[in-house]
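Handing you this structure, nothing more for now.
By written order: A, B, C and D. Residues from 1 in each chain.
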Amino acid sequence: MAQRAGLAAGGKTGEIVAKELIDRFPEYVKITKVTHNRVFAMVDKVGLLNVAKFMKDALDFDHITAVSGVDWLEEKKMWAVYHITSYSNRVTAEMIVELPRDKPEVDSVTPLWGGANWHERETYDMFGIIFIGHPRLERILTPEGTDYFPYRKDFVGGRRV
Amino acid sequence: MDLSLAPNAIAMSAQEFLAWSKDVMDQLLTASGAKKAVDKITAPIWSWALRNANYPLHFGVACCALEMAAASGSRFDAERLGMIYRSSPRQTDVLLINGWVTAKLRPDLRRLYEQMAEPRWVVAMGECAISGGPWYDSYNVVQGVDTFIPVDIYIPGCPVRPEAMIDGFMKLHKKIHKEMKGTFLED
Amino acid sequence: MNGLFEFAYGLSLWLMQVVAWIFNFIGLHDVADWFTSSGVVYFLTNAVAALIVFIVGFLISITFIWEERKILGRLMDRRGTQVGVLGLFQNFADGLKAFVKEIIIPKDVDIWVYNAAPVILIGMSCMMIGLIPLSPDFALANLQTGLLLIFAVFSIAPFAILIGGWASNNKYTVMGGMRAAGQLIAYEVPLLLSVASVVVLTGTFNLGEIVAQQQNIWFFIPLILGFIVFLTSIIAELERIPFDLPEAEAELVEGWMTEYGGMRFGLIMLSEYVRGYAACSVAVILFLGGWNGPSFIWPEIWFILKVFILFAIFIWVRGALVRVTTKQILHIGWKVLMPLALVNLGIAIAIKMLGWL
Amino acid sequence: MAEMWLNMGPQHPMTHGLWNLRVKIDGETIIQAEPIIGYLHRGWEKLAENRMYPQIIPMADRLCYGSSMSWSHLYCSTVENMLELEVPERAKYIRTIVLEAQRIGSHLMWLAALGTDLGSYTIFLYCVRERELFLDLMQNLCGARLTYNYTRIGGVRNDVPANFERDFTRVLKVFEKRLAIVEALCDESAIFRMRMEDVGKLTAEQAKNLGVTGPNLRGSGVEYDIRKDDPYEAYSDIDFDVCYETGCDAFARYRVRVDEMYESCKIIRQAIKKIPQGPYRVKPPRTAPKGKAGWAHVEDPRGEGFMYVIGNGDDHPYRLKVRSPVFVSVSAAPAYLVGYKIADVPAIMGSIDMCLGETDR
């Protein structure tokens, strides 16, 4: 396939991706660590959608691996963590978006990557993070009528059923 | 024996008459001991048939479902014992629960159990079905299927090996042999 | 009167004479005379003959189930059922178990139609047993239109499946029933065309005469195309893999019989194999020379042997192939089988006109 | 026939595992599909937060019971990435061998399930029989048939048993012959091809956008394999091809998986030859630093497996996220199904390779 040939010709490595991101969005993106095929970045909540769009269209990041939530109870914040892979460049980027814990809301990236659909639904189900613009933000794993967000740190586990 | 209604038989509706006559026949048979005798004679036949035609429900839940599949493979060949998997609960005798049961699944499983025709048996296969197993502190896992369905045979193991599963079915056969239900399905 | 009826007549006469002797002994001479009157003996003769044919057909069908389990097991590198001697008793265990199972009638079913479907199926199957001669000596009736009647009875089954599926109040069963009807359209025409080629060759619908004309050459040699078409369509008729769409397990749970349990289910299963026996018998009669064979054993044995071998081929097909879909069976039926059947019919007409046979 | 909703599941022969496929059908044509999952959800990630690091390995085994080795390996390599722990060379090779053996076992189970879906019990039994060969090897290695609990943080639990090399070589020799028979049973059957070809079409663009990974992605013509493109363990030292098909249909996905089985045999043969001497395990630290994160992604038999772990300063993880490949494949079910017939559902969903334990977690 043509795609593998493209890699051999030398696509964008992690360093180039990081540089282009910083150049384009100096106010939103903060790169924490870069290797030749890994990029670690903190992205501001406001600019997430623009950054994601840029990454998809200009940097060929065509696959979203996962959307995860992290609940920092003591720091009173939440993380939405995006892992995005580029098939043509073989680079995986980690983008961390920090959200306030009392109002965790962030733009949905489902319109960009259809694969994020269920990941975001699951994160909503487990953490209560609301993804604005998601086509169908409903409970997915827990049974109907669940009134708690089980993966939040203030939810005490143990037997319930 | 209640024959007091007999003179009014003409005044009864057809259905009342049928119910009444069935009642009287029942009482007659029980009192004369005929029922018991028929039970005694036929019980071994039915028991043999029930033992050797145990159709489990084709229902894979989790890990043990793979071992269920392996048990019907050529090395273990559970069909030797007359275990033929059917997909419709109406046609099966054994509900084989081979995995953890969550809050979402519980009503469906209960319904499957109720759709099965008597005589039916439930086999809890693996730790999860017996007691919740490795998910003992989960908020969504039912801690043992015997909390909502009567279980006949427990097969421990995590996951259960095919040999153990076949052994569990042999134990079920023993249990059916002991029950010895007669034609009228009485003891 | 053929051998079967002679035997039945002898048996009933002997039976009635015993009864008559008892009544004579206690002095009721009128009753004894009535029992030995020709009407009673004639009636009993028919009943005994029918019973014998039914029992033989039933036993063959039951053995079919055993044969299927064992051969299928061997194809899959395992032993199959082991209940009783060589697994022969598995069918009896299945059948007896069906007696003790609770009778469940699901909510909101059309009870009359729901109960009628298995009865129609099993009744039709028993009728088919009666129509099949195992040899000239072992036949209930020697009908001039036997072949037509058999195929008429055969095509009742999809009707029973349709109404049974519809009455069960379940989406899967309705779809199963609809598929049975759709399948009927696909295979019935090539099936009857392939049968027609044999009728053209022999000029008769009488099963006995068709077999008699195969003394020298079995019809599957000149009509090999017809034989293939016939086998393919008859597998569709029996709803066996690869054409078991009405009960396609993977998509329709158990297909049209999803809601049937207990004895009804047992009857349905039995009727399936009885129809299998009938189908194999018709194939043997039409193409494989019926009961013709070297005369060192009885012709009935030859017939049964051929039937079992043919059914083994059906089992082999089942072991090797996967299921087709509705679209594909229509495709196969109209675009492959139909032209083949027509070509075969042409060959049959040519052979008849040129007088080669 | 009017349009109606049909529930296929949770108890349905098509669902290997436990899920519910709601399809809206017009006659027999699917016009809308909606998968419902969560019947096996047990809060795996929450439970992992209450366990010590080594205690999570057997739990990871039970994520996907069809390929438990690859999940426990994924967990271990995630924690190793977080701790920045270097695994000994010998352990890397042993892991490569068992992972590939697990891949073959998992693909065989998939082919078996596909066989029953299409109505052929023979394919099922042949595949289950051949799978026993690999289960025996694994049992020889670590004592268990299904959930191995074999990989450890920093290596593997025990060294390979005696005659390991001989047994593997013999099994592979037998297996390749037998796989050719099963392959012939499928490939040379016109009906099998009729069922599988031109159904469940998913173009490369769709597949990329929907996040479908693994053999399903490669069946859509995208040549991407983490083993090759982001190598872990000993894969970078081994010569193998990435199998892909451009058919984009169910048959292409079937071909990819069968080719991968042959390819795995090749990898195992090479790895066995190259396996170095030395220690098979290093001792990891008991605790992880607070707030330190690490992640790993591997080529699971079903697609891209991914885990993300954050340390808590003690011997429990603060957060452990699992990305399951099947979770995404199930979410793409409408794209696979809409426009095809009800009778194509088993062929399409069977070609995706479901495992609901990792989907619901």
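Note that a residue touches a chain if its C-beta (ideal position, glycine included) is under 8 Å from a C-beta of that chain, and two chains touch if they have at least 3 such contacts.
Note that the coordinates shown come from a computational prediction; the quantities given were computed from them, not determined experimentally.
Chain centre most remote from that of chain B: A (centre = mean of CA atoms).
Centre-to-centre, using mean CA coordinates, chain C is 47 Å away from chain D.
Centre-to-centre spacing of chain A and chain D amounts to 24 Å, using the average Cα coordinate of each chain. Averaged Cα coordinates give chain B a centre that lies 35 Å from the centre of chain D.
Remark: chain B and chain C have CA centroids separated by 34 Å (rounded to whole angstrom).
The set of chain A residues that touch two or more partner chains comprises 142-143, 150, 157.
Multi-chain contact residues of chain B (touching two or more other chains): 73-74, 87, 102, 104, 137-141. Those residues of chain D in touch with two or more other chains are numbered 12-13, 38, 41, 43, 46-47, 50, 125, 129.
Taken chain by chain, the contacts fit none of the simple shapes, being neither an open path, a ring, a star, nor a full set of pairwise contacts. The complete set of chain-chain contacts reads A-B, A-D, B-C, B-D, C-D. Residues of chain D touching chain A in their complex: 37-38, 41, 43, 45-47, 50, 208-213, 221-224, 229-230, 244, 295, 297, 304, 306, 308, 310, 318-319, 321, 323, 327-328, 330-332, 360-361.
Residues 69, 73, 76-84, 87, 89-90, 92-97, 99-104, 106, 249, 253-254, 257-262, 265 of chain C are the ones touching chain B in the complex. Within the complex, the chain B residues that touch chain A are 102-104, 106, 136-143. By the touch criterion given at the top, residues 57-63, 65-67, 69-70, 72-75, 87, 89, 99-100, 102, 104-105, 108, 112, 134-135, 137-141, 158-159, 161 of chain B touch chain D in their complex.
Every residue of chain B that touches chain C in the complex is listed here, in rising order: 45-46, 48-53, 73-74, 77, 79-82, 86-88, 90-91, 93, 115, 117-119, 181, 183, 185.
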